[in-house]
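Written below as structure tokens is the structure these notes are about.
Chain naming follows the written order as A, B, C and D, and within any one chain the residues start at number 1.
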Amino acid sequence: MINFKNVYKYYKKDWVALNNVNLSIEKGQFNYLIGRSGAGKSTLMKMIYMELFPTEGEIEVAGYNTKSIKQNEIPMLRRKIGVIFQDFKLLKDRNVYDNVAFALQVTGEKYSNIRKKTLEALAAVKMSHKRNSFPYQLSGGEQQKVAIARAIIKEPFILIADEPTGNVDPEGTRDILELLFEINTRGTAILMATHDYSLIKKSVGKVIGLRDGKLVNPDDIFKMEFGGQQ
Amino acid sequence: MINFKNVYKYYKKDWVALNNVNLSIEKGQFNYLIGRSGAGKSTLMKMIYMELFPTEGEIEVAGYNTKSIKQNEIPMLRRKIGVIFQDFKLLKDRNVYDNVAFALQVTGEKYSNIRKKTLEALAAVKMSHKRNSFPYQLSGGEQQKVAIARAIIKEPFILIADEPTGNVDPEGTRDILELLFEINTRGTAILMATHDYSLIKKSVGKVIGLRDGKLVNPDDIFKMEFGGQQ
Amino acid sequence: MIYIIQEAVKGFFKNKSMSFITIGIITISIFIFGLFIAGTANMLNVIKLAEDRIEMIVYLKDNLKAEEIKLLDEQIATILGVQQTEFVSKEQALENFKKEMSENSPLLSAFESNPLPASIKVTVSMAYKTPEYLREISEKIKLFSGVEDIDYGSEWIDDLDRIIKILFFIDIILGIIITLSSVFVVFNTIRLTVYARREQIDIMDLVGATETYIELPYIIEGIVHGLFGSLISTALLYSLFSFISTKIPNVIFLNSSLTVFMVFFGMILGFTGSFMSVKQCMNEIREVKRLEPVGKRKTLPRSVK
Amino acid sequence: MIYIIQEAVKGFFKNKSMSFITIGIITISIFIFGLFIAGTANMLNVIKLAEDRIEMIVYLKDNLKAEEIKLLDEQIATILGVQQTEFVSKEQALENFKKEMSENSPLLSAFESNPLPASIKVTVSMAYKTPEYLREISEKIKLFSGVEDIDYGSEWIDDLDRIIKILFFIDIILGIIITLSSVFVVFNTIRLTVYARREQIDIMDLVGATETYIELPYIIEGIVHGLFGSLISTALLYSLFSFISTKIPNVIFLNSSLTVFMVFFGMILGFTGSFMSVKQCMNEIREVKRLEPVGKRKTLPRSVK
């Protein structure tokens, strides 16, 4: 469903962010993406929803290929992908409800459906009581939860979660993980970048390891970089 | 040195973010601040560097009182406080070096000193190689490290760290914590909000617990909300 | 579609101060533009009034017979550019002269006999009131027998013609300056307001909104701002001119088609400005990220960290 | 202090497109303002030329003796507002008349004797060339013996006076409109560019920069933009006027003090605009956060979550 073929990504012509990445993600799979800061996790994820394109190699996502996709097909692709951005990317001039509903409005969904689904998604992340607040009126963790609600509302075929629990307390983290598992059981593939290795050990799923832009055996990362908990 | 006396903070007139907080932080103390998302941790911290003022009660910081401080004294206060913001707050139009140096420039430090200290601070967070990058060219974790460098460069009497390790990998987290301990041994008080309770267990320091804006016994939080690890 | 309109309406009220600034600046631009148009219209009016006064007097030889005069009159009337002719007899000429000199001229008493000749007043049609045509016509008339002399204020005509040319020249330069200025100011104001919401545009793009969905609210907003701006400026112009016309007679205001044109001009400005700004903004956002645009990627030499 | 200047210089180059827009809009505003000033100067010049032509002719009774004329001349010269007098004899008058009528006047041949009276040409000083003063002066002169009649083109003077008044009226209205427009457009453009960097201002504030440190770079930037804008527009105006003066004689350009004033006006605009914008921006940021400003806090009724 998602296929990376010999993907290289250079920033500024000489900084290799991804170095010969070959990868495939299947339908309904749960994937963890781990690696140190700057390893290239976010870069890899941005390529899936085609915010970035490979410098070399190609990526196939849901039938679209980075070499052949046209500008006007990109929104169609993005509608099928749910993304929890590392920096949330909430619309500052809309309240929580509108931020979440927005993801459905762009797809041309019916008004009544939008309302129902939005309230459901907000309830799922326990943010219903803040639905009229604006992003600047929320705590860091609350903003992250809204970003999650916006990503899951579309019922995407893949959910890309870039450190979705970085600003959330342990109990919240558990809730979010349970939510992701539930979504996963409904058939949505998940790719989640995280630094919280304890989460990974407590669940099933494939682990993808990145170091300096190269794919590596995740156990190497667990061992070398967090030996204590392994 | 820092004293909260019966502090209340209301947002929008009816949302109690802090509820009768009495608190004191002594010189050179290491303090953890824990609590769920939305408990009021960031709110409490913002009051120390006087971005926010209490609705009721008063706070004393380094001799300045929230009831009597004048607008032009606030920058003086802030220069003595190092802050690692939860959302980093890097200046988007400056590169990493300038972002860090900025904190010293505003104090009117000598040019040669600024250069030396900035490079030292960047080395301390292992970001020297990225000193010419702009914030948008950095990964989440790298941005956080730059924010840390900017906060420690001033040699503040208190360092306020709002989840300084939220976007950093475990090894990076260890490095940062070691850095904070080192700064602490040099006499800087530290107030660090975190969701990573395993860090707390591995070190010494006072723990302040917040729930729904009220001070609570931190053990309650460990027990009730993260029973698994306690 | 409903959402897009909703967005536009919300955008309008959400960014109140930006809307206010944009409308204000469009108002000013269109207002000055309108002042210029109205000024030009009034200038043309004054020129027309001045040109209306141009007439040619053909002085006749003394003692011409009625038939001869009639023949001459007919001959003159056939010349290209002559609109109308009118015979003025000796007696009438004296009377007119006396009327003009009425009050305080010691000249009047000096006349013993009537020294004034009979004449034919020739009205030249508008298009022929240039110094060249007037000279041509007068030369043709001179050839007819019975013509003593012709007076069409040749020096004065030259002066008038020069003034008109200067006015047109200044007017065109002013017009170019004002039009370009309006366009520049309005476009860039809109650009600044759109770029201030650059991040929002980026996020919408990332969440899967189509270009149309992202751009249309901005474009509608731009058109509405343009419409409001031009309506307000038309209203202002109207009150200004009503006020001025109480002080100065003969002031003409824009006619309705010019007013419609101005409103249209405002909307076009708002439309083009917002359309170009939001397109450009989106392209810039994408380019910064991609460095290489879609479909135009080249292989870079590899280098390693 | 070094840092502040550094900041300003960097800011100038960092936000190239914003600097470009700001300078462009200041240029346009000052340019139009300058056009207006230059236009006013030229208008005043034309009015002066017209008023220069105003003169008063005192026709004398026939058969006055030389001494009587001399006395009269002296008496007239003492009147307030009279600048100069010049005697024109009967013969000279006829000659002048013949010269004027030279070509094509059948009137000339009608004179049998010299019907023209001797006269004294009175030059009135500039400040007294209003219809009221002229009437007053002429009435005083009429009282002297030996004066037959006085001609100072009273109807024409009234016309001229009305035209001058109208021109002044329009000029003042235009001046107000243009000045206000310039100020509005420039201020708001600067405001938009400052607000676009609102977040940066907030961060600086939080990191402990003093207000001066935050504001000064913006203010310096504003002044520099104003300076550049006004210099460019002065250069443009200068070339425009050199061009125009090749086509139209007698066009005067701004004198150097007006040019200095324009440059100054641009800098003041840039300064005030950026100063107010950045102050306002900081206050807004703080107010949004505090809801209650420092020192003005009131006790709210408690309510619980």
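As a working rule, contacts are C-beta pairs under 8 Å (C-beta built on N, C-alpha and C of every residue); 3 or more make two chains touch, one makes a residue touch a chain.
These numbers come from a predicted model, not from an experiment.
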Subunit B reached from subunit A - shortest hop count over touching chains: 1
Computed distance of Cα centres, subunit D from subunit A, in Å: 65
Between subunit C and subunit D, centroid-to-centroid distance (C-alpha), Å: 24
Averaged-CA centre spacing for the pair subunit C and subunit A, given as whole angstrom: 59
Touch-based graph of the chains, sorted into line, ring, star, complete or other: ring
Listing of all chain pairs that touch each other, if any do: A-B, A-C, B-D, C-D
Parts of subunit C lying in touch with subunit D, wherever the complex brings them together: 18, 21, 24-25, 28, 31-32, 35, 59, 104, 106-107, 109-113, 115-117, 148-151, 166, 169-170, 173-174, 177-178, 181, 184-185, 188-189, 191-193, 195-196, 240, 244, 247-248
Residues of subunit A touching subunit C in the complex: 8, 10, 13-16, 19, 49, 51-53, 55-56, 69-72, 75-79, 81, 83, 85, 89-93, 102-103, 105-107, 111, 150, 154, 212-213
Residues on subunit D engaged by subunit B in the complex (per definition of touch): 2-3, 14-15, 197, 199-200, 202-211, 213, 289-290, 292, 294-295, 297, 299-300, 302-305
Touch list for subunit A against partner subunit B, complex: 11-12, 35-38, 41-42, 86-87, 137-142, 145, 162-163, 166-173, 195, 197-198, 225-226, 229
